[in-house]
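Here subunit A shows up in two complexes: once beside subunit B, once beside subunit C.
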Partner chain A sequence: MYEEFLEDIAQTNGLRGVNTYLKLIAGIGAILLCLLSTSYIPPLFIASVLSMAILYLARIELRTYGELFIVPFSFAVMSVVVIVLLSGGGEVYWSWNPLPWFSLSITSESINEGFFVFCRVIGGMSGLIFIAVTTPMTDLFVVMKQFRIPEVVLDLAMIIYRSIFMIMEQLKQTYQAQVMRLGYGSFRESIQSFATMCGSVFIASWESGEDLIRAMDARCYSGKFAILGETRPVEFLPVLAVAVFLILSSLVVVISRNITLIGAGP
Partner chain B sequence: MHIMEGFLPLYWAVIWWIIALPSLIFGIYQLKKILEADREALPLLGVTGGFIFILSSLKLPSVTGSCSHPTGTGLSAICFGPWITSVICAIVLLFQSLFLAHGGLSVLGANIVSMGIVGPLAGYIVYRALRDTRLNMYLVVFLACALADLFTYFTTSLELALAYPAEVGGIASSFVLFMGIFAVTQVPLAIVEGVVLALVFKYIVQLKPDILLRLKVFPEEKIRAARSEA
Partner chain C sequence: MSSIILEARDIRYRYPRGLEAICGISFHIRKCEKIAIVGPNGAGKSTLMLLFNGMIRPDSGILLFDNEPVRYDKSSLRMIRKRIGFVLQNPDRQIIAPTVYQDVAFGPVNLGYSESEVKAAVGGALRYVGLEGFERRPPHQLSGGEKKRVAIAGVLAMDPDVLIFDEPTAGLDPSGSEDIMELLDELNSQGKTIIISTHDIELAYPWADRVILLLGGKILQEDIPDVAFGSPEYVRKAHLSMPTLLELYFELEKRGFSLPERKPRTILDMLNVIDRAFHNRPCCSEPGAIMVYNVDLAEMDSFRAWLSKNPELSIGAMGTRAKQRAMDYQITMDFTYGVIDKCILKALLGEGSVILTTESMVQRIFDRVRDFSRENGVNIPVSLLPEASENTE
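Take a look at the complex of A and B:
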C-alpha cells in the first residue's frame, strides 16, 4: 500500500558522518558521467562501484536496495523496447512496415542503442539511490541554504517535509482501520475507501496546518525558519575515495567511448 | 509517470530544465506575493505539498495490476492555481526522487514540465472553463483531475519521443508508440484518479466546506446547493 521512505534509512546509514558535499559530488558526478558516456561500460562500472559502496560502506540491506530498482526497471524495460523497435541502422534482423510512415524494426544499431540507454538508467539510478540512502534531507536543507535557494521555497520545503511524516502517520491508522473493517474487499469498495481515506486525511492535515501556524505565532514566528545544521568534517580518506572513484570513472568513459554491444567500433 | 534518472541524454535534460525555470521563477514570485498578503497561507501550502507527496507515494487500487501512482496535481491546481502548483510540484518531485527513488535529478526538469506545469495547467484551464457553467461541480473536478493526469502522460511521451525519434516517421511515430505502450497503465489510472479526487472533493464539501469557500474554488451558492443535496 505505501512505500518505505529512504529517509529513515538515510538517517541511520553507515556514511551519515561523511561530509554532505562529498556525498553529493560523488552521486551527482556519477550521474553526469553516465550521461556523458557514449558506451554501455561506464554506467555499469559506476553502478557496480556505487552498489558496493551502498551495500558495504553505507550498510544498506541487499533486499531493500534491490527493491528500489523494481520501478525504474519496469519503466526502463518498457521504454527500451520502444527504442529498439523504432531506431534503425546497421544489420536488420526483423522488420515490419504496416504503414508508410510507421515501421518497426530490430537492427544491430537499435539493440546497441537500447542496451546503452538501459545501462545508463541503471548507472544513473545507482547515483541517485546513493545520494538518497546516504544523505538525509535535513542535511540537504543546510546545503540548499548555502546555495541561496530562495527562502520562501526553503520554508515551504521544510514544512512539506515535516507534514509528510505527520500525514503518513494519520494515513497508516486510517488505512489499518479500513482494512480491519474489510474496506478493500472489491474494486468498487476499494475506490470508495481510498477516496474517503484521502479526504479525511486532507481535512486532518489542513487542521494540523492551522494548528502549526498558531503554535508558531505563539513562539514569535517572523516568517523565517532557523536552520540549525551540523557541519560534518572533511576527512582525508573519503576525499581520496571520491577523487579516485571519479577519476577512474572518467578514464573508463574516455577509454570505452567506441565500444558497443554488437560489432565494437574502431 | 516519471522519467527515470539517466534516461534522457544530457542535452535534453538541460533543455527541459531551461523550459521549466521561467514558470518556476514566476511561481516563486507569486508565492512571495501571496505570503506577504496572508502569512497563514504558508502552512496550508506546505500541508498541500505533503498531501501531494503522500498521494503520489500510495499505490492506487489499479485495474491493470501494475503499481500506479496518482499525481494529485489536479486538486492543487484547482485550489491554488497552476503556477504555485508548479513550485510545490518541483519540491515534491525532489522529495520523491530522494525519498522513494522515483524520477531523478538530471531529469527533474523534464518531470517538472510534465507533472508540474503542463498537467496542472491543463487541469486548471478545464476547471476555469467549466466552473461557471451549469455542469455538476463534481464532474468538473473529475474532468480537471483526469485531464491533468492525461496531459502529464502526453507530455512525458512527447519528451521521450523528442529524445528518441523513430528512424521512419521521426518524432510523430515514436510519440504514437510511446503513448500506446504507456496507455495501458496511464489511461485507467487517469480515470481512477479523477474519480478518487472527485470523491475526496465531495468529502471535503460535506465536512469542511469553509476550506473551499476561503480559497474561492467554487461560488458559495454552488457549494451550498451541493451540501443540501447530500
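Take a look at the complex of A and C:
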C-alpha cells in the first residue's frame, strides 16, 4: 500500500533550490507548445528534453518516473486505438463494416492523427510530471498567494494539505492493525475491514479537526496565515537553460509544422 | 521571593454532561518557577492546563494572571494566549501549516507583527530549538523529536512569559526527552515560568521546583519534590511510584546511616550521600552470601529440605520458569522483580539469600554480583547451590 507520496519525491528533488517560477514557466511552456504544435515531432522533442531534466537534473529514479507514466500511457493507448479506428481520410489500409451505418477503418490519415495525439499526450504529460516532481505543493502555495488566489481558498488548501498526511498516517496505521489481525483474509472480510477502516478514520479526522481549531485558537488565530515568500534567487544558468529550451522547442514547432508520420508534408 | 504570575482561587470545572473534572483547586505559581503537575490518567491535568490559557472557562472560582482576573472577551483572551504559550502533547495536533516556517510564523502573523518582525521571531525561535534550515520542510517529513521542537518553536515565536507543556516527553526516545528537558531548563533560566504535566516521576523529580500532585480533580499535595514524592501514602494514592533516588535515600536512612538533610535529586547527589554514609559508619563487617539455584539441574525436593534447615535465607526467583517451579513446590518467594539488586542489598546488610533461576541466567547473576563487588570494594560470596546442598547432606 502507500509507499511514497509524489509530494515527498518533490520535496527532495535535485531542482528544489531552483526558483519556482522558472520551473513553472518551463513546465507550462512545454505543455502550451505541445498543444500549439501541428506535428508529432515537437512533443517528442519536448518529452525527451524534459525526461532528461527529470532524470538527470532532478535526479528522479527511472523506475519512479516510469511508474508515473503508466496510467496516462495506458489511457493514451486506448484513446489512440479508438481514434485510429474511427477517423478516416487518405489511403485505406483496412476496413470492416459490421453494420450498415457503422464502419471501422485504418487509413493513413487516421494513423497520422492517432500518432500525433499520442505524442501530444506524452509531451504534455512530461511537462506536467516535470512540474509535479520538481515543485512541491508548499512552493505552489507561495505562487498561489502571489497570484491573488482568494485567501479563504488558499488557507483551506493549506489546511487540507496538512491534514492529508495526518489522515493518511491514520489510515496506514488502521490498515496495518487490520492486516496484522488478518482483516483482509477473504473477500467478505475485506469489505467489512474496509468499512470499519473508513469509519474509524472518519472519526479520527473529525477529532483532529476539532483539535486543529483548538490549536489555532491557542495561538491567537485571527484569520491570517503566514507564507514564506519566494526567496530563491533567479540565477543566470537556470534562466538560460529554460530560455534555450523554450526557444529551441518553439523553433522545432515552426520548422516541423507540416511533417506527418505517413506521407510527410507537401 | 518573586511575584505571583498565575493564581487560582477555588476553581471548578465540569465538562458538559460529564463528571466534574476540576473540583475546587487553589494554588499560585510564581514568576520563573518550574512546576510539575503530576497525577494519574484522568486526574484532571490536561483540563487544568487548558484552564490556564483560557481555552476553557471555569464554572466558578477565579483565575488570576499577573494579579488580574482573567477575562474571557476576545481581546483579553488574545493577550492571555500570547503571554501563556501552550505546547500540546501530540505535536501533530499542534502543527497547522504545511511548512515549518509557516507554522512557526502562525502566531506572530496573527498577532499582527510586520513581515520583518515575523521573520525575526521565527528565525530566533527556530535557532533556539536547533531547527535552522528546516524552514521549507513539510512537518510530515520530520521525526517525532523534530516535530516537538517545531511545536515548541511555534509557541516561543510569540515570546510568552509562561510556557505550559502537556507531557513534554511523551513519545520521545530517552535522548530526545533529555534534550527537551534541557531546553526547558534553558528557557527557565531566561526568566520564563514553566509548567509541565507528566506522570513520569523520574523526570519531574530532579527537574521541578515545586510539584502539584493531582488526583480526582483535587490537589493531593503541593510542595517541593522530595516532600511531594517522599510520602509513600500520597505516592500510592496518586498511582505513582517513588523516585528511585528518593527510595534509595530512605532505604539508607532505615539502615541507620547518618545522611545529609538534603535529599538526593541526581546521581551525583546520591553519590555524595553514599560517601557520607559510608565514611561515617562503614558497612556491616561481613556481607551475606548469595546462592544461585539452577532449577533446571537439581531436584527440588532435596532443595526444599535444605531450605527448611536454613529458614533465615531470603528467596528470590528470576525468570518465568523459575517462578513456576517455585510455585509448584510451594516455595514462598520474597522477591520476584529486581531480584539481583535486592539480594545484593540483603548481602550488604549481612544477610544471605537464594536466587532461583534457570540455566541461561546463572552467568548473568554471577557477573552482576562480581561487578558490584569489584566496583564497591566489598566481597559478596556467590555460589551455585546444588553443590552446597550436597555438602550439607
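One rule holds for everything that comes next: the second predicted complex is superposed on the first by the 259 of 266 C-alpha atoms of A that agree within 3 Å, B and C clash if a C-alpha of one lies under 4 Å from a C-alpha of the other, contacts with A are read in each partner's own complex, and residues count from 1 in each chain.
We adopt the following convention: a residue touches a chain if its C-beta (ideal position, glycine included) is under 8 Å from a C-beta of that chain, and two chains touch if they have at least 3 such contacts.
Please read all numbers here as calculations on a predicted model, not as lab measurements.
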Which of subunit B and subunit C A:74 touches, first, second, both or neither: first
Subunit B versus subunit C as contact partner of A:162, first or second or both or neither: both
Subunit B versus subunit C as contact partner of A:191, first or second or both or neither: first
Which of subunit B and subunit C A:121 touches, first, second, both or neither: first
A:137 touches, of subunit B and subunit C: first, second, both or neither? both
Greater subunit A contact set [subunit C / subunit B]: B
Touched partner set for A:11, first subunit B, second subunit C, both or neither: second
Subunit B versus subunit C as contact partner of A:200, first or second or both or neither: first
Partner chain(s) touched by A:240 [first = subunit B, second = subunit C, both, neither]: neither
First, second, both or neither for A:85, with subunit B first and subunit C second: first
Subunit C-contacting residues of subunit A that also contact subunit B: 7, 137, 158-159, 161-162, 166, 208, 212, 216, 223
List of subunit A residues in touch with subunit B within their complex: 1-3, 5-7, 28, 31-32, 34-36, 43, 68, 71-72, 74-76, 78-79, 81-83, 85-89, 97, 101-103, 105, 117, 120-125, 127-129, 131-132, 135, 137, 140, 150, 152-153, 155-164, 166-168, 171, 184, 187, 190-192, 194-196, 198-203, 205-206, 208-210, 212-213, 216, 223
Footprint of subunit C on subunit A - complex, ascending: 7-8, 11, 136-139, 141, 158-159, 161-162, 165-166, 169, 208, 211-212, 214-228
Subunit B residues touching subunit A - in the complex, by the definition given at the top: 2-7, 9-10, 13, 28, 31-32, 35, 39-40, 42-47, 49-51, 53-55, 57-61, 63, 66-67, 87-88, 91-92, 94-95, 97-102, 104-106, 160, 164-169, 172-174, 176-178, 181-182, 192, 195-197, 199-204, 207-208, 211
Partner subunit A, residues of subunit C touching it in the complex: 53, 55, 78, 81-82, 86, 88, 92-99, 101-102, 105-112, 118, 135-141, 154-155, 158
